[in-house]
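Quick heads-up: structures coming right below.
Shared between the two complexes below is chain A, which pairs with chain B and chain C, respectively.
Take a look at the complex of A and B:
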């Protein structure tokens, strides 16, 4: 079923009307009674920050002067090769969609992080996680809609992009180094008796204040406390020690592996969008050494993650997106590095709504230009939303202003969608 | 003509036309009638005193202030309170915080405090200006014209420095914040949606700004240098049609640079570590030309922003999208406010006074009895439920818990804003966590009520902010501990936190929990609960 933004808006408006008429309990039950249940859709974004080289990953050019030292290897799609640094991924390529013709034309970390997540150049738009958190939001969601997992290190460009005009509510909860969000544990100075007495006082006050007023902001206040309580109650999501040792081994006992393991737990618990940032792809020097290390981490963890999602029955409703903010230059510089490149590079997807075993688009023999089927960051953004069952041609309606959800000058790539 | 007789003539002229607040009510009322919308009743005194303190000083009233106002029988007490608060040092400091957030949108310069202008000097610049009710056109001249070196107005350069003197960002934000027009879409092409947004307007504004460059100061801070040469060229992404432009305000004519002999363009020529100063400064020209009554949008933008400050939304809304596709909700009123602003010399305090005096401002947030649904916000039929800004929330928590009042009582003389501002610094550190978690996203205008999970977790569990709840010398809880009668205790608690007396139900509920063994504990829980309530977190 398509979740069109129009129907979302309508439902919200109806909810708002119902809320001002009646009490919260009545609202919740009648809302579920009237809205047909929607299939769950979730998003996992694996963001290769710094920019992975397409030559060393999805679009190898062995033997070409731009190709670098690595070989290409056959994959589970007959006739298709990818870089030898991704041997595990090669075996499951028939489950992925690979795009080899990304043409974002952005060779800057800051702009790239923004554009590849928001599908735009113009500032102020929400990034994918925020947008999807808003568009997939359901009245009975207990956990926050968007959680982003990253290393607690220098911010620079990694945190570029936010909820934009959707506002702080959709900016999501940030998790650093897999630690639970701040203030998840009640401090010793607060007794359980105090907490429940304060909660009763707040509820009583809100219930009184709601009478005869616009109920929406009062319900929004309530929602944040129920989400906070849900997170406190489900703190064990963040306790990776609960996972068996074999699971840790499979995901990898390194930063990216552990972050992906947490991501799976968050998705499983019902968070609609999770982003994991994989760092250190910006290999201006020693590109080949760096890609050996980065790809080794990525390759096993990525395949484990997909297998795990599949085994748990989650992959058919979860879209997994693997992209960075750009690719890397065909030219190898005199430090053995590759520099920033946005003209022709690659990304991959798996899971709900997208084709399996498709390699889309191509580059020329040297990998310097897109040869067939160029895809922009705006097109990708449309495509992600469509794969999640969202009409990407719809509009947000905020403050009486309509604003296109995705860039109207871009289009979904239908061939990528299942 | 002397200043005195001018003022008299002015006063006479004013006496002949109805005061602006009556015109506001008439024009808002007209549309309510045609749309058949019933407005809410006038708000009660308790609601009014809280709303006015929040809007004009950014802080809820003390229990004593709320009680005194509610119990005052004088019929003109609302007008007198408006007058008193507008003249208070707290008002100047509050407007400085409001305009700080409005003009900078919580940006700070890349490179942090070594590069940026000290936030304290920037806010002191603003507070000083608002304390003397400096006209907005003069402030705009100072902000747009500052090179960062003038002793009195230098800190105003933070508008540029916090944006890293990025000419594109500045073009967008000068348009948005001073003219109410977001020209962003015109950057790459003529905005296809709106015929009044033209690429030439964008680049015309850009041409004023693109020659300005950041110049680092030792040991820290920054000033502005400017080149004396350089042409502005642009190309449309759609038509590949290109053009070049001299500086030009949206809708205005091009302003040609004066012809200077080659080599005579500079007072200080560009050189390593030198701050270049041109003979003719395009940025100075912008500061001179933009803040004028004749500039399309300059007066209207101020009026619309002050209106939104008090009513929760603009007549044109969002505030930076004034164009033919997004007309004002009340065109005649919008024009009237614009003209009044011009006629009254961009007098911020006078306009705030008139809006606050209107019945439109003084409506209740309770929906009129017998109506179904919430009337559209742009009718201004019912007072909106507005989230407290991060600053207001922080200071209001300090007020509600008694900490602000007792801290101020320890100072000798706080009649001027500087003394008050520096005395308040001691309370900033213990409440810094509140400010941080309630602040909006950098580079985004703050509007509406946007509660987040992070805020809820912070308010429930933060070891940084929870100590504010504890009893201690001069706190509300200590004051309440000294009172015996449960009814007296409950009344003081409600007046301190919610600026009103408790209802009978609330008194009864409070009395029931206060009879237990741990009365202080019960009061602390009740106080905490009220601080988490929507009623406290909203300006209603």
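Take a look at the complex of A and C:
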């Protein structure tokens, strides 16, 4: 399916006509048991890497010993306050679901990144983007199902997790600094005819190699080529200069703003899941300084992104998830930092399949523990999939083996779902 | 006769329920004010040995400084500045000013006490009249958060210290025109880590010598290095000397020139180990330190020049849960 990010009519018509049979066929059970043609649901994951402080964002405790220097501000939900560093978000809180009772009990970046994306502790399971790419896949999909946008900097824990047993096809294409994957453009010295001939030769070689061998690596290889080819054909998606200056200004001309603008274009072009990583939340020192900087970037861009998705008719089929791999300690250390904390923290969602104007769960007065309605990373994983119209209790069927899509010991949080 | 840290004697200690960030004597030396991770300003009446908490701020009080007319100026993380009149039986609010839209990281009073400067997270630097809090000047916004500010005794220049990644800077500005006269890069106090692309260090405090000829930049060498200070020539920008504390870990959070002998006093440390360290006036010789129970976050010299008050923090592990103000007297 050839989709331009600006050809909205075509896109919407196509979405309206898309059946769910293709995705259902990929599953052994009723994992994608959607019964009526609807716009395909999509996922936008805004990952606050390093772990944002719940105190300075969604669950402020002003005046408490653990509360920090900032005030709380009223929101568009009467009686509900959030941190003063999110003034724009406060005005649209009625459009969000906030969970103040995440209890992952993981205080390690690597484990947290994996667990919050896969819904599991045990290794080897696909991360959310890969799962969604697989579970929402359509037979005529051309673009990669999962694209991850991030800074081209040190990798560390941010790139933890992959498609696991789903295979390399669903690993996700990484986009660094808003640039399309390298070598997308055919060199001028190679004619289209030569390029086609070379591609035919590659396919023939693959076919010969496939004889009597495990087909999976070949399939993954072919999928990678196809994805690269698709991006080559649609590299205009990455041409953010096509967007008016006012749009750049609205999103913010900083890294996160521009990455979110590209994310919208990728979703618009039909990518099933886009992840944008917002870096530098790991404030072991100067937590309050860093949260002022980080929140200022996040706040305006996030609200712009939701407005833009809504104005384009995309928010009703796009689930937007805002999370990190953990929260931050109630205690403030000697360097003015907050450290890792997984026992009681917060995340937020908006868009399709989730409630609007809901603040779910609570923490105690000092924010040290969950007081009501604990939600685990496994529960969240189930909930994301349910919000996307996927039966999270279903199974993958891979090479004749079934594997639960989500942790069977966890459950979707029904109160969060619309 | 140089001040001898070994001859310092404890002259009082006041526990405070919240970790501290700032401390200042009033002009008479009767009151000692301290602010920290709380909205209340701690006022110690040294004559009556009484401690009170004063309302007025609604965020952390990061800076305090003594100004003319019996005033002590306080500045908080929400951008509010309050002038406390300490001439009466207890400190009272003289005026309140919403001085900045963002966290105030630095406050400095001019040598004559008639004006003061504030600097904030967004690199905004403003100068005010002490007596009534009216504006007296403003610099063009500097590109990085300003963690230090000082008013030169010539009344014309303002020095700022910032947190530019990898190369924290000292900038000397002309107040009237806003022109930048000199820029000094202080890479020695950078704590930049490429893995996170974050500057964890920077210049955390900065002062001028009484004659304005030297700038002292305080901070930490490297991401997890040792607290220290670097002295520069205000006119040429050349480094004069480095003052490296043998105390491992933590930051150097502040410095003062001792009026009696021109020696330099620095404060710093980490939880469970802090110090007030003395450095020779002419050669920067390490002349020893007073060990304190926790990191010295700020200190002030008594107007009589014979006492020092240190605001420090105590707690368990890496988490301070309370503060302490310690007084030391010098016989020299």
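Here is the rule we use: the second predicted complex is superposed on the first by the 345 of 418 C-alpha atoms of A that agree within 3 Å, B and C clash if a C-alpha of one lies under 4 Å from a C-alpha of the other, contacts with A are read in each partner's own complex, and residues count from 1 in each chain.
In the analysis below, contacts are C-beta pairs under 8 Å (C-beta built on N, C-alpha and C of every residue); 3 or more make two chains touch, one makes a residue touch a chain.
Predicted model only: the values in this text are computed from it and were never measured.
Chemist: One more residue to check, A:63. First (chain B), second (chain C), both or neither?
Modeler: It touches chain C, and chain B stays clear.
Chemist: Would you sort A:39 into first (chain B), second (chain C), both or neither based on which partner it touches?
Modeler: Once the two structures are laid over each other on A, A:39 reaches no partner at all.
Chemist: Examine A:74 and indicate which partner it touches, taking first as chain B and second as chain C; both and neither are also allowed.
Modeler: Touch status of A:74: no partner.
Chemist: Please tell me which partner, chain B or chain C, touches more residues of chain A.
Modeler: Tallying touched residues of chain A, the top partner is B.
Chemist: Quick one: which bits of chain B touch chain A in the complex? Just the residue numbers, please.
Modeler: Residues in contact with chain A: 184-185, 187-188, 313, 317-318, 321, 326, 365-367, 369, 372-374, 377-378, 382, 384-385, 387, 440-441, 443-444, 447-458, 460-463, 466, 503, 505-506, 509, 513, 521-522, 524-526, 528-530, 532-535, 537-538, 540.
Chemist: Quick check: in the complex, which residue numbers of chain A touch chain B?
Modeler: Interface residues on the chain A side: 16-17, 20-21, 121-124, 144, 162-165, 167-169, 171, 173, 181-187, 189-191, 193-195, 197-202, 204-206, 208-210, 212-214, 216-218, 220-225, 227-228, 231-232, 399-401.
Chemist: Where on chain A is chain C touching in the complex?
Modeler: Where chain A meets chain C, its residues are 50, 63, 65, 68-71, 151, 153-154, 156, 279-280, 282, 285-286, 288-290, 292, 329, 331-335, 339.
Chemist: Tell me, which parts of chain C touch chain A in their complex?
Modeler: Residue positions touching the partner: 18-19, 37, 39, 58-60, 76-78, 102-103, 121, 145, 194-198, 200, 250-251, 270-271, 295, 313, 315, 318-321.
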